[in-house]
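To keep things simple, chains are lettered A, B, C and D as they appear, and every chain counts its residues starting from 1.
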């Protein structure tokens, strides 16, 4: 199996790295307590055979599979998890995904250095096969988090053999050093060239693993990756230049697969500065753009129009739609804000990071605003790190942004806009909204009740419009015929266990 | 052996077709020497190159004629057959041995190349012959020097290599194009002698090309005089020298520098006084003492001749006097001021009073400046003229140096060598200097032009009351011009005397050698 | 000769020091740090990270510490790739880039010298104009365009060569080398044409002809050596340029070379990697300029003895 | 050093003759004239574009999308349905300005620096050229990003940034030229006349070193136009909906299979510019080489 994997992974330490290319390789190499079914996204047993949730939802007991083994033959134990979570939460590690474990009691305090005694954190190994986790509050999505890389176990002896356990840069993940517990083991890692994994003969569920191995190719250039796919050097790629989509789509037996994805593309409004401190201006801007035309023409239908921050269909959650494309209303709003037909418009600058698709969206919207509202919006692209700085310091008027869900729950999107939210970046602050997200929703008894609170909160958010949703991401893949077990899902989650190659249809890709 | 009839060669240029060689006949007999004499541009070289297919065609075009060589008509042969003759039966020696030898190849390889190619000789066989021949032409230690590159030889030795290379295939005819023009007089004498010896030993025909009658006076049997592509006179040596018929031939004869300047009264106080001057360079981590502890005076109104061979340091000395090359130590007093110690501002005003004329009139003129620009520049710089009056003054200078006024807008490359040197002289005189250094000012010129320029300089020197340091390797030229002579050798003064004394009672051996080497003494 | 090399190397030390110093402070002033990312980083995490990489110390102390490590040949740990040292990244990327640059240079030399010499033999005819026009386009067609074009033609439509990779499949090194070499081929063609035109009018070429040497021998044995002097002088800067300019080609063809590491490092603000690569490349440039000068002198016997006095 | 004011020498009558003669010769060179005509045409079109462009350069027609050349849109449209001809015309305004101004900046700095270093020789030369080495070695991208942060984004900065990079090579070429010219006797003659070094450089050295500089300049202009595109990606340079030839070509290269006209026409315009410049440059070099004029 040859897998186009975007950029070169930073590393393969589950507690250090953050990116999607890294995740793909790590998912092949490691396994958490729980894994997901790629078709339904429902949790399935991983290292844990099964688990119990207490009545109050605050205590979860995982029962580990006794046949779960490390690639060196050692059994995977509950003690491994306790130690691994300590490592994942340790401030010295600088793990950016440490917050995945914050629902665990005292985890946040430990991660921020308030307490240094890990035994106060709510995780405990009763014996080698039993792990008890105590939570701060009932967290319905906690089981889902157990397949996130930062909750994965790592092999203590190996790490300590190659350096300090809590250093980021110990070389334990090298091909010759690594010990992992997943369906595959690392066999070759050539920087910027390839990462090869082969089927593990110690994995508990090895009989159900079809692939003999996977080769991951790092490629920054999407056109290159697409060409590699086209000549059959890759089985699967996520890199499709926008303008190639119609070509692939029109092919018979098309390798192009497109499915909703748990991510939203939106523009941030800086609500602390004119003219965007005016709600009417924000609304006018949002109502004036034709999301449908944008996604269908410029983006070739590779995305879906978005009217809310939360993507639709997030485990049954349907976000509210509080506005729609309405040029007339937009003009009225702008006039009420004091700029009838764009007169007196002070100008507005949109910041985005350099990328073909961001540019295209920006150019199209720029013209839509000009046509609908007769206002000028100037564009400013910035190099990635500069852009990050700009957004972080709110040194902009309007900025492009996207959010990809870490787990399937509206909370993951809605808590962005808390007053203290680290990714808020809009100046938006609504105590009532904060209360709904932080206090009311967690106390909800049922999923329906919880979703209702979220819907109310989101309505409130969209009415004040600190952001302008533009489209919902979809996952775009090219998959060679003959690759099976690679269904689309909103997380774009791959479970390599399920993958197989149909030899008859696989047209001779050299192994 | 070689008989050329009715040879006509033309070139197609922008100005139309030019007949470089017009209906020329000549012949070379085995064992004798034929000389073709003429100024540059007279077509003497073209006629020889034409024979061997060495002129580029186009723009060149051989219009008519025949050249019988050993029963073959060279002009009818195809390229391939002609190439077989070149370098095997007819060999050539060119003017400048530095540029004519491949600087990237060891001389041995270059020597052996014709032998290997034309005769298919083995490497060892070729090497043996090359060594023999190098010894024969007088190259010392051939076993070592065969591995040298051309730049490791002196000019004279290089020319010997060229001759050896020409002889290696034992050709029947040797064409020598100005073989000694680029060489010092003493070396010139040696090379001419070598050619004579070889001819006597090998019984080959020699066709020698030169602008200087004096050079061929001792060796040519037959002389052909060419002017503007035509043969104007021909005859044996005695006839040409004793009873020249054509006015042009007479002019050539008259141009051979001879005679001596009438002694002129010399003021007793020196204008320039050089005291213990040293100019040293660092090269290859060694110190080259180009000028080493030299002291002499130049008196007001005199022409001091400075003679020396290449490498004697005479040019460096001339440049040091003007502070163009920084002196290492010593004093140069110009009218009482020390040139070396002067501040830049004072130096500038001093520069107006002392000027230099260089050897190569092409290199010393900015190719991108017209005569007008070149002459006006010093006038405006030293505020000798205003912008409104400068044009008139430029034209006056042109009159003085004998340049037609309508040339004023032309560029250096549009002039002949002599005219260019007139521009350079004009530039030097523009500031009305008191002192002029003339560094080999006539050495690059044909003899006839040389005579004219020397006359011009003499006249101007008298008119303007100039003091001059005249640097040359050619004693005959210096004798014509100088009141006193300084002989320089290896950076040191060998002898210093007034002209008559030096020529009649040379004190040093080195001076005597130089005197011996003056060509064409038989004519004097 | 050795003194010459020694003095040149000595001169390079202050150059390198200034390069290091300026780069060190330049990248620190540049906006965005190595740990900034799209999802906001928690302050505690950021502090922990900075402590691990010594970023919490005063800048001057960091600088001195860096210089200290550098003297011992340690370029420090990479910020972007935890667990990898910059030495290791350079050791992984440089051989590939060097190999690519070498092939590209060979391509450039064979095409460039060939075209230049052919053009110079008949100046101002079709034999001159056609290769020289091609060379001109070659100079200006960016690799960004040439690479994909070659891939489309030879990789996809004709299906003769792999579209990417390095040493994974037979023939996958051809297209990157050609793409990278093209620009330099064009420059070399112009240089060798000019050089040959000048040399072929030299007196010693006439001498060779007068010796009855066949034309090919006149051109190849007598002309080429001198005519290619400007090309040789260009080789050092060219090779240095190939090494530092291979990024685009490496990206297009997915070649795991140093150029990709370097540019990624710049985008990622991988401080140590930027510095390390800059220092490394500077050293290479100094070396290749030196090698080029020595080679040039070696090619030209007249200069051989003179190295001592020129700077 | 006593400096003679250049203007006293640059007398209209005297100073102009080389250039006037060069111009006369240039006028006789047909290829060069053709090159000049093409460039003049491009520049004229660029100046007149706001009045003669067939469409508004920003006007989109998303439903039309990328369409091949047609009667309405002679060169086709881009993915936003914008008229490509109009885009090329407006792009020319930017590209020509960047190409010429930035190259001029590089030319002035590079020629001046190289000439002074080469003429001065010795220690001054060593220090000046080591500075060039240092600038060569610095990471260019970081430098650009910093420039932007410090000075904000504007077109003037773009010229400076490009000029700041391109002058290095110019300086090296110039220095090599000057070093060999410095040995020439006519420079020595100028010294002996008492001209100051700056005047000698200006009047005697630079005119004789222009040949290779002109050739290099004509090659630099097109590559500067392409460099501008790269800088635009870093955020320095033009911002949409404004465009330039470099950007059009970069985007065209991305979609060369689907919409080949988006690459072909901008590429053609750049190639035309390149050839025009080259013919003009060769012509100019020959025109300035008064020696070559005769044979």
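In this section, a residue touches a chain if its C-beta (ideal position, glycine included) is under 8 Å from a C-beta of that chain, and two chains touch if they have at least 3 such contacts.
Keep in mind that this is a model prediction, so the values were computed, not measured.
Two chain pairs are in question, B-D and A-C; the one with more C-beta pairs in contact is A-C. The chain occupying the central position, as judged from C-alpha centroids, is C. In this assembly, the C-alpha centroid of chain B lies 46 Å from the C-alpha centroid of chain D. Spacing of chain A relative to chain B, judged by their CA centroids, is 86 angstrom.
Note: centroid distance chain A to chain C, computed from Cα atoms, is 39 Å.
Per-chain Cα centroids separate chain C from chain D by 24 Å. Multi-chain contact residues of chain A, defined as those touching 2 or more other chains: 223, 383, 386. Each of the following residues of chain D touches two or more other chains: 145, 149, 257.
Listed for chain C are residues 30-31, 148, 267, each touching two or more other chains. If you check each pair of chains against the touch rule, the ones that pass are A-C, A-D, B-C, B-D, C-D. The residues of chain C lying in touch with chain A in their complex are 30-33, 35-42, 44-49, 51-52, 77, 80-84, 89, 92-93, 148, 151, 155-156, 159, 162-166, 168-169, 251-254, 256-257, 260-261, 264, 267-269. Chain contact summary for the complex, chain A toward chain D: residues 223, 241, 243-244, 246-247, 293-294, 297-298, 354, 356, 359-360, 362-364, 366-367, 370, 378-383, 386. Per the touch definition, chain C reaches chain B in the complex via residues 3, 202-204, 206-214, 217, 221-222, 225-226, 299-302, 305-306, 308-309.
Of all residues in chain A, those touching chain C in their complex are 7-8, 10-11, 13, 16-18, 91-96, 98-99, 111-113, 167-174, 190-194, 217-221, 223-224, 227-228, 230-231, 233, 383-390, 392, 402, 422-423, 510. Every residue of chain D that touches chain A in the complex is listed here, in rising order: 58-60, 62-63, 65-66, 79-80, 145, 148-149, 153, 232-235, 239-241, 251, 254-255, 257-259.
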